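Lettered A, B, C and D in written order, each chain numbered from 1.
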């Protein structure tokens, strides 16, 4: 079933107030979308973050991502920097999946890693506190976010 | 300092590519905004969820939230249901803070609890997998989200 | 040239503050996108409005649109009802172009007709005052909006 | 009546499918909001455009706008540059009304002038074709947009 059909059904359930939460089929669709994604893009000039993301993608048996070097600091002027960065990348390149990391909201709100499909729809996301709060290394925060973003939709490591 | 000034400074840092992540002052501002919020709104017809949220708010020494009974299922037809629900509530009532819980993105993407200020800016958020994945009771998921949303900006329990 | 490349170039011009407005090539791209659109969708339960839109599309030598009967009143709860309706339709069906008409902003702000591409990007739009202000028949307002939306990107009648 | 109450009523009408378009009261509210706006902001580094806007505001008996010199080219990287610029300005300054002019959508889609209130809600807007299509001077296009944006919500010149 296509995501359009899944969304149409879910919308009708919501409007008729008969929806009882996400279903196994909906989660499986997202898992399969990620597994079948051939062109994955990470909009970032930071090769270290790209490597961390790719290591995790490999552990989960997913396609490695390509770096997209576009101006991303402009995204920080928006209310949802991480998501704005993802949409900016989607508008500037053709791909199956975009993995974007940036600030969640206002300055001080910590970070978010978000995965969107080829139409800009959000498949999964994970947040981290600011470095000032979690005291972790950035690489550990990035790794934690992408592992969580994949595990929360039921994907598992294969390596 | 006002949030407008904090955002203006952060934008200038981003544009000049001199920004090095969230600062202590930015996080303190968010904490103080939450502590000083007098009118907190939860857009939901579900009194159980409201109680769970209020119990946690009390544990963190924050003002209890009021229920706003507006039609929220319409928010599910949008790409960011939880955030759309928050903005819908903001447009229909005057308040300091909105705490909104709903689906993160597409059907299957799990839930998000988001807190926005009186202008609709995102202060913090937390996500949970779908019930199908985490198998937890909804009340535990809601409790986990709001505790995480508060702790990730450095707030601590006082009770 | 693909729209992704056009947008990438325009973004780089904007960031380097060297952009001097829309170019002929950019406008030609939009014209050709509309002329080559094979599946055009109008999210509306109102067959009269669909006919008016299709009459104008025929006059401009464009493909006729198909009706998409989804729940659209939920879009009115958002800040940009016309655009929200378009994105809702995009999420529920595969197509080349969506032509969506609805309220512009808050109640009283009149209407907007907007055309988005298969990724949800805005190609053109036109606004009308509220009926209370323009006193025109709805069909004349709809006709005026779509003619203006097409002419403002340089398209001309061929019949 | 407050705009929150007006929006709440309109949402209920939309959900119950009993809404029959904008009402006189809704339009009057927007007119009075503009007439009572004391702090009006135009996010632009272009003093010529500010003067044109202020001349028209004076003709309509409205408060003159103040210039806000923030980085606005970053807004062009978003899907709705004119509206993104308005929200960026709203996030960086306290005011009653923001008048923002920028590109409507993708490169080639012409311009839009939009007015948002202190919460970021759209009160009115007007579009213009690209200069390549309308061949007008920029100052005439700006003047045409703001006159149309005011007249379409029923405001009239008083000078």
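Rule of thumb we're sticking to: contacts are C-beta pairs under 8 Å (C-beta built on N, C-alpha and C of every residue); 3 or more make two chains touch, one makes a residue touch a chain.
All values reported here derive from a predicted model rather than from experimental measurement.
Most remote chain with respect to chain D, judged by CA-atom centres, is A.
Note: centroid distance chain A to chain D, computed from Cα atoms, is 34 Å. Chain centres here are Cα means. That of chain A falls 29 Å from that of chain C. A separation of 19 Å divides the Cα centre of chain A from that of chain B.
Of all residues in chain D, those touching 2 or more other chains are 7, 11, 15, 71, 73-74, 77, 79, 88, 91, 120-121, listed in ascending order. Under the stated contact rule, the graph of chain-to-chain touches is complete, every pair of chains being in contact.
Contact residues of chain A toward chain D in the complex are 71, 73-75, 77-79, 84, 87-88, 91.
Listed in rising order, the residues of chain D touching chain B in the complex are 2, 4, 7-8, 11-12, 15, 70-71, 74, 88, 90-94, 118-121. Those residues of chain C that touch chain D in the shared complex are 3, 6-7, 9-11, 14-15, 17, 19, 21-30, 73-74, 76-77, 79-80, 83, 103-110, 112, 116-117, 120-134, 151-154.
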